[in-house]
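Let me begin by presenting the structure, written as structure tokens, before commenting on it.
Which chain is which? They are A, B, C and D, in the order written, and residues in each are numbered from 1.
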């Protein structure tokens, strides 16, 4: 990779690092928050410029291709909007004294490191490096989940940490196995871990070893995707951490792990006689969908509710990629993007709601549309979108997924539809409770920046009605890549 | 020119039923009285009653609405039109093409609808009990009626009474079991629709058992006259319906000229006399049943109609 | 083909109105006037253009593709005879509802929750009819549901409304998913969702049957077919009355459009046996729907249930059309099909009228419970007249429009002996019997509705204060009443207007009716059957006036007012009148004991106690208790069971991971 | 020479598995920590041997790290914590020792069954090593599952890491990045666990915090 100053790749990777260092040193939350926003904006612009500028040739460490650029741009964009949201959110946290300035420094620095880790994970061409990056992102989020130091928060962080690091271990073992499988063909050393090389020569790899490797990788990274029954860390981590982190977790970190899964799926697909990875993904995807759908009914905590809906949607996405084929893959990609945007938007709304109501308990939040119309209707639109109703983006992806699946294997489609319907029932039930009815709790006006939320919702709305041709062509190309 | 003649003939028919209706009622009453070893009123008593009622003043309940006063005319008109549509002495009259059997049933339905509303208008319990029971009976009678229509229409390939009458008169059809069943069903429906024994007793005012009478309890004077008249027309209508569907023999075909018409008329009188006599005998022989036995009674009619239809399929070999 | 452009323009305009409505609704009175005025104009324009299309060049079809919706497909929009007819139904309803709402909307206490969604709802319904590819079809379909859901939730403080909205939304989404599956089946794995492509493709009988069943589930749930009707009587009354009118009178028709479009137009000809399913479902729906209505004492819910009945009737005649079509008997098929469309139009007319009337009563008395109303005929003379017309029309009595369509359906039923299959031969008469039962019960039901609400003496204080409603509402109702009569006395014109649709969809049509002598209608043949609404109406009028005149001559016109005959004790309390439940008692005893396990519990006070005796009526909605309650219970139980997985210790979660890993490794070890 | 090299590394790896079993056998935390130290020693030995026969000097670093951190520092630190928490006496196995042992046997059998399918062109050493590494990993996981206390879970996790390192070193010529990342992650792991444990200790006594579900309203 060229180390020229204007190289956007360098920008995407270095801006967060430098920002992290600076933020760790600077006092005062106003400045740091703005700096945080600025840094996120910078890395987003660099990432966006990757769309137009000529991409660097895949080096031993860095790779930018059609697949991961989707993720990178999405990642940096949501990172940017979340930093905006976090600025107004954190201000309130400081006022209420839930966070001290010291922790706030730590928070901002960690935020940037996490962004760095995720960007690196997306860009790395080396499966070892990718692993390191994913772990970096995970560990930073662990620290941020625990940042409130309440028993609940610590327990969540602890749970997240233990399960996460077991995931780490399994993923690493899988990575080693991939290297072992590749070694006889590619030979020792560096080469055996470079993804482009691996996928090019995967045909000759030792199939049984690859299978074992994939099982480990699937479980390792699947833990981070939040597939049932490896999901246990996810709801608590979402519920107990600061809401911006919940947004980032749902919107981005799950995608990172998913991206890793996709890479290895492609590797397996490239090898002729390895097991078809689709089956595993379909099974686990459906399991997560159905499981989460039922779990939604018993939730008492608003953030947990949407955490479970993240599990549900991750299940759908994994299922889609497992099905494969142009339509399903297209649907999967679209669904992933839409889910990231919508879910983070929902968490923005939820963050403000919980702040103004002073509780996360669903039972204590009523009639938001009456007390806080903008916030309330924003939430309604978000939930309507996440529930897969038109004219919003997720409807399109679910339309494509369900209809194409039903034509191919009806029974799977029926299970899928059943899961979607059960989840829909739960979400709308809760929505009816939160948004409507005789209001409860404080009616105090909330000082919130609605920009991020409505920006996301607007994007989702537009995508639901009109997808620009280049995006479509690009998605289709990626869908073809995914096979 | 023809049109004038047609209208004339049709007018004759309307007039005929108009004049004949009270006579039939009187006749039935007379026969019943005789069978009960009474001398009974004269045949013309119904006419006298109607005229007396017309002369009387009307007593309206305080909160009677305009609807209450309009209903008698509407019901009478509907029933009269319906009665005029049923071929009596000749088929293929002018009006026959404007409506078929289903329309006739529906016209009677209209009359009933408004009468039931009138029953509700004053807001007394009698009106309510009458209306609610009336609509219940109708709800049971109408499916049976449709089954009968279906059965007949299958035989004749038409729902036009004239066509049916001509077809059955033209001895092409022999004796049909299904037609017999349909006729029994129609008789049952007729009994129910005309509030005769055993479904209802036209000559009682014992509150809890009456249906039709309870509904019109608040009526008096000319309104009552119209309603009574309507009831008598309805009875005649059903009788002539049975006659024209199942015993159309000798009925004058359209355009056959006055002689045929006269013959038809004579035969028609003869037929309804017999029918009236039978009805009287039946009513004397049976007792009124409890209101909630009526469903079984009418259910039987429905079953008969359905059975007739199915038998028809069988005999036609499906 | 300017009409299509006009239609699209109207949809765009409606959406624009919806957008501006949100900020406007800070000033309610002004906003109400502006929004409803705008929708009134737009819908009127749309009605006019659709009508001209239907009458002038109905044999053609205009299509246009917009670069939105599914990327590689675009949004296909198509205007043909069928679409035009339903556009007329929708926009006519929309026009009159807007007119009505100009007055009624002033009573709305949450206008900001109604005004933005009302135009969106109309736009959604228009789009469904115009859409010509699976994606835009489903998108607008669900958009319609969503907008109407928002309207149902308008008065969200009432818990029953929230429940209604919830059940509605879930059922709607269920329906959409079923349709989605159907289209997935039709489009095949290649995913060509364009209607033209689907129409061109050959579908195996197996696929056709499956699609038809999915359609019955999808469109049927929206239309209110038993047993998928549960949401309807909850949701329709919950909305503001003009919206209830649209939902009941129009939205159910959009669902029926969906069924016709797919089953008759796209699917080709399925197996004859499928028509049996449609017939049976329709018959059961008709009979059960009206029985539910008879048990009801809430006026708007009663109307909603009667909507279910009418939907059943429409499905019966669609089933007949299907039966004849699959047996290649074009003329009877056309007859049944025309009858179905005719009834669609009729029901949209009188159901809107009746809901407007109910809304008027609600707005002046604040009551929906019939047992607190009564005697309104003295206080709302005009409303009571139009409501009476609506009741007569919906009870299928001549000379109004309801009777004509039912008469046509019966004529189609009478054609059934021509069907070759035994099953249909026996099924159709039975269904006909069910329909006759439904018709008679409908008459009973509306005698009850009208009698208890408008006749008798006032039962509550709310009724005594009642006065006539505003001018706009009256105008809207008057127009509808006039249309009911018009369609009743001049059915031939309507049937001729519907003929091109039958030609387009079935390839056969009825003989032109307008040429017949004295405007009578002759569906099959003169000798077979004919009906002349005009003459019947004239005859009734003539003979009524004749008798009236005659009586004026002979009799004394004297009238004396006096107290009602009270069997001894005069002036009983108004509550002693027949109540809704009391009126339905005979029918409840005859049918209800079977259908609803209905029981009357009377608690008599002991002798000497002056406390009133109490009557409690126990009803069980079998369908809810047998199907939906267990389903919900099952899901809840499952979620409780699964929820234990949220409550494990960390070790427990680890063991989950561990077990998963070991299982997968074992599978690998065994299978590879 | 090669035969000998093979045997030695083989026996070392096998020894690691054996020690894992010994860890499974322990039911007192203190003794467990001792055994874990032994485990680490075994690991560093086998890593060092690998460094020798692969003449890959950088592996010595790994060996040293393993020895330093896992065999000395961590056990000592953990012992501190254990005594501070006052849980150095209690028996906290969930399943009886016997069943656990049986399960462990099964796991070893499973990992052998899996690894021996691997086509032989991956050289024997790698295969054996992988088989042992896999069983160490699985045993570590089993250990974590069968222990209730947070400290022993940490220990189990680190024995699992040892298995990983064994595998990594067994993978001939695997780039440096991996070892560094392993050490790195272990370091992070240790620090974070330390912090978290410390905080948890500070807040409330029990490390098993399932009753939080009640306060959270999830358990109803």
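Operating definition for what follows: contacts are C-beta pairs under 8 Å (C-beta built on N, C-alpha and C of every residue); 3 or more make two chains touch, one makes a residue touch a chain.
Not measured: the values here are computed from a predicted model.
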item: Chain closest to the middle, measuring from C-alpha centroids that were averaged per chain; value: C
item: CA centroid of chain A to CA centroid of chain C, Å; value: 44
item: Where chain B and chain D are represented by their mean Cα positions, the distance between them in whole Å; value: 99
item: Between chain A and chain B, centroid-to-centroid distance (C-alpha), Å; value: 78
item: Chain B-chain C separation of Cα centroids, rounded to whole Å; value: 35
item: Chain B residues counted as touching two or more neighbouring chains; value: none
item: Multi-chain contact residues (two or more partners), chain A; value: 158, 162, 166, 170, 208, 212, 298
item: Residues within chain C bordering two or more other chains; value: 643, 646, 648, 650, 654, 657, 661, 665, 668, 672
item: Inter-chain touch pairs (all); value: A-C, A-D, B-C, C-D
item: Touch list for chain B against partner chain C, complex; value: 51, 54-63, 65-67, 73-74, 76-78, 80-81, 84, 95, 97-100, 102-103, 106-107, 109-110, 112-113, 116-117, 119-129, 131-133, 135-136, 138-143, 145-147, 150, 153-154, 157-160, 163, 207, 217-218, 221-222, 225-226, 291-292, 295, 302, 306, 309-310, 313, 316, 318
item: Of all residues in chain D, those that touch chain A in their complex; value: 114-115, 117-119, 121-122, 126, 130, 133-134, 137, 141, 144, 150, 153, 157, 160-161, 163-164, 167-168, 171-175, 177-178, 181-182, 184-185, 188-189, 192-193, 196, 199-200, 203-204, 209, 212, 215-218, 220
item: Of all residues in chain C, those that touch chain D in their complex; value: 643, 646-651, 654-655, 657-658, 661-662, 665-666, 668-669, 672
item: Chain A partner contacts - residues on chain C that touch it in the complex; value: 67-72, 134-135, 138-140, 142-143, 146, 153, 156-157, 159, 162, 165-166, 169-170, 173-174, 177, 180-181, 183-185, 187-189, 191, 193, 635-636, 638-640, 642-643, 645-646, 648, 650, 653-654, 656-657, 660-661, 664-665, 668, 672
item: Of all residues in chain A, those that touch chain C in their complex; value: 158-159, 162-163, 166-167, 170, 208, 211-212, 215-216, 218-219, 223, 229-230, 232-233, 235, 275, 280, 291, 294-298, 325, 327, 367, 369, 384, 387-391, 395-396, 399-400, 402-408, 413-414, 417, 420-422, 424-425, 428-429, 432, 436-438, 464-467, 469, 472, 476
